[in-house]
């Protein structure tokens, strides 16, 4: 009897081809979604009020902690209350349409639903207090916020300054600053770990060292919870 | 130096006696069985502090409950000369922990404070550690647990909510230890004071049967309690070198 | 490349399309969700995001009055711990106290006022506004009050102490009714009655466990439920901590309770004979010359019938054990005898507790450190004078049946669950034309209401407490709101104040807070003007911060001898039981387990907390001696009907090593028909089948005096248990020591020494 395995092989080939096409499709779909949605519009999302950090922190040189008051005494930096906004804007730029929006929230006694940009996963413990008190500049992790009209996690496009103002008022150069601004583009474990490996705490301040970083700072449970 | 040599050297370094004495703290707990009444306040305290799930009746029948701390009951004798011995059982934070050596992904390891810790993100759920643990105090998440609204508003923000496929166990309330260290830094102190940090179970114990503290500090309450002639370790013959030490129950004559 | 025909081409295109779609869906699903940062409009002063704020308050889960510290984050309560400064609990807290958070966050909590728009008892509740609800209630009250028929209004509340109790009094006066009843199932009526008879005081004294060397506990489960369990646990631990002074604890009860397990000796006397046993010991103490008071002859007379031989026979405890107990009780100094729960809930309950008082008196423990110490009068109201016993509630039901009650106001109380079916309490409620409930939940009682005006939980409202059994001196604490109200509810006090205003009888306070503050202002004014703070406001702030107030005014008076009549009245009859001993061979002991009187059954943490003795979760069980089980051919999990004269309940058998063969025990708390998703239709309620046998001296039902029989159903269920193995398997997990090496003084525990 003359038996051929050709038909069987052919259907196997077709099945394999279909599978390959489907898998490639998944990657393509993933990438398409990335192209469509992961543009600066999303990583720097639209806020309920087009608040500009450039105007406040950059042009008018208002210190970060004037509004984010909790940063030095709490794990979370805190968002200013509407009352705080109105503290200045009762007098300043009251006629601007954006400020009118703020006063509207204030008059209705409603909070402004800001969209969170810098977000850590829920299993991460991060405390602003320790880092701010150790003299690490806000920009070290957040990038050159004072140049951003719209806050975004991507700082690479903004050519951030290499000189970062520290919270203690002194200027840190890229040698002493905790981390070069170019590392800011991804908020992942490496960002934290690199810095912890390169620094030690001396008299409560972060100081750059070459050998292995500071006590406890490399234990998983320093940051994981 | 070959890769293998480096691993062996690292292993030796970490296994030499007195290794943990080099570190700032070596947390330990003593439980006085003569004072424990087995009331279960510690069990609920643990559940509240550490976001332990409400697993439901079904899970209990399948042995899938999650209680980092449980009260074990051992009956002895027959009526009328019958006795009930109770013992709170949680992770013993062994210094030679059998669970740590078997994890294929090093999700459980010993940290420099002498704690046996579990990294939930790393855990891939092989459950080997639970098999190796002689105290049976490791609990596996067979399901994603949910809290019926608004019970979820009670969840402790300092503790992760674990998801399906992850092993979990007592942490000695590491979030409280972290908080205490943080407070010490705020006060400009290098060390946490004795008694400043108490796990939830120790804090709530109505009969103050539990003592927690730093074993490296000879003045601490726990160090003194460890020297009590009544102290013993459960399953000490396995050389697990546990950090939880029990004080024997006293059998007094009337 | 193989040739592609049309069909394959379509397949490939399809596969590609599905793949692309799956890729998009995949990425969208793993993408981090958009989160918001919601700021305050106006930031409160005591708030900092990411930092916990602690508030001191008072636990209201039972009447012990423990101080609590509540941890809040971002305006939400996260954890309840004991307040370390509060002398009652000194930082400790029981499981139920911690589960108070689940009262607050319970998914079955009522979120606003409800009106029953269908038949009573159905789930035809509809949402109404507060205005509507209050108007409906006020108009009913107003009509009755205006017609001078205020006495047709009845108020039934859970035991409320402090200034809120005064507010309720004032309200009752305003509407013109004297039908104001506080009701707690476990209120120790018998103990009050016994203390009045023996000491001439309707008060709870302070039992100084901390300093005692020898404790005889007659059925009082002092570590798990009796009066003030957390404080007793501290005392127990302190007594077990004193090196050579280690206290010796004896527990006399037919079924081993957690206190029995913790004791050094467990004596299973026949149920109801605890008082006889106490008098037997008293007899021995007097006869053997341990007592030398002037009234010794009177004592000899009254105790002559209680020879050890006779008592041994009646109590089923051997003469040698009795003699040893009597000797060690008399020789240990100080020693202490306490009685309650099991011993107080028999037909001879009050006589039994009087006998225990006598035992303390004869051993010289009254007014002594380590003995029975009298508390000063509490600085604020306690609920006892208004506490309803079984007879009072039965009377209320009788009035309802006779049509003498027009309006019933219920406050967070569930008598339908705790009253025996034989009382027909539920049926009596049906005769009342209008029932209002202020409960936070729909339970068996509030389900019968016409209008429900849900009140705040204790974590959202003002209140105060003056724990009566206390700590030996005056103590009080303020309960303050720790978070803003979650729902559209109102504080109990505010509802009552509002109703009073609406019926034209406004009280002198504007709000509950006002009332509490006013009360504390009086305490402030009465305090020593040399030592007190400058102003009331600073006192108030300090009070809220500390969470507790105390006055060291310990009373070491009144060790006066009982008069001849009192001594002559001492005597304990053999207990009586309902049900024929032949037909109903077992005495049923319903005991309080971790769920208190059933009010904690809707808290999932408590449902999942393994029972302290049996490790059972989620359900009811019947405890039975191994020998009895063998005789009846029953094993664990066999479903049986427990039948009394009054009815039957069904639960699985649990073979329990430490219970008398002629006694069976069941936990109270489960068996709810209507108390939310966690409690409903789970287990059985043994209180249902109790006979309404009343101890006339206390007016309360003798809950341990019902005989039952066991009827096997042939069905089998699995009892849900946890807690590891119940066998040691020779591993020597719990180790014991003979007592030689326990003398080493270890850590010192900061337990307050009671000033004398």
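Read from first to last, the chains carry the letters A, B and C; within each, the first residue is number 1.
By our rule, a residue touches a chain if its C-beta (ideal position, glycine included) is under 8 Å from a C-beta of that chain, and two chains touch if they have at least 3 such contacts.
Quick caveat: nothing in here was measured; it's all calculated off a predicted structure.
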Chain closest to the assembly centre - both centres taken as Cα means: C
Maximum inter-chain contact count - chain pair: B-C
Chain centre separation in whole Å, for subunit B relative to subunit A (CA means): 35
Distance between the centres, which are taken as Cα means, of subunit C and subunit A, whole angstrom: 52
Euclidean distance of C-alpha centroids - subunit B vs subunit C, Å: 31
Subunit C: positions in contact with at least two other chains: none
Junction residues of subunit A, two or more chains touched: none
Subunit A-facing residues of subunit B, complex: 24, 109, 111-113, 115, 117, 119-121, 158-161, 174-175, 178, 181-182, 185-186, 188
Touching residues on subunit A, where the partner in the complex is subunit C: 10, 13-14, 17-19, 21-34, 37, 45, 70, 73-76, 78-84, 105-106, 109-116, 119
Interface residues, subunit A side, partner subunit B - complex: 122-123, 125, 127, 129-130, 204, 215-216, 219-222, 224-225
Contact set on subunit B toward subunit C in their complex: 32-41, 43-45, 47-49, 54-55, 57, 60-61, 65, 67, 70-80, 82-87, 89, 136, 148-151, 153-157, 200, 203-209, 211, 221-222, 224-225, 227-230, 232, 234-235, 246-254
Subunit A-facing residues of subunit C, complex: 2, 8, 11-12, 15-28, 31-32, 34-43, 48-51
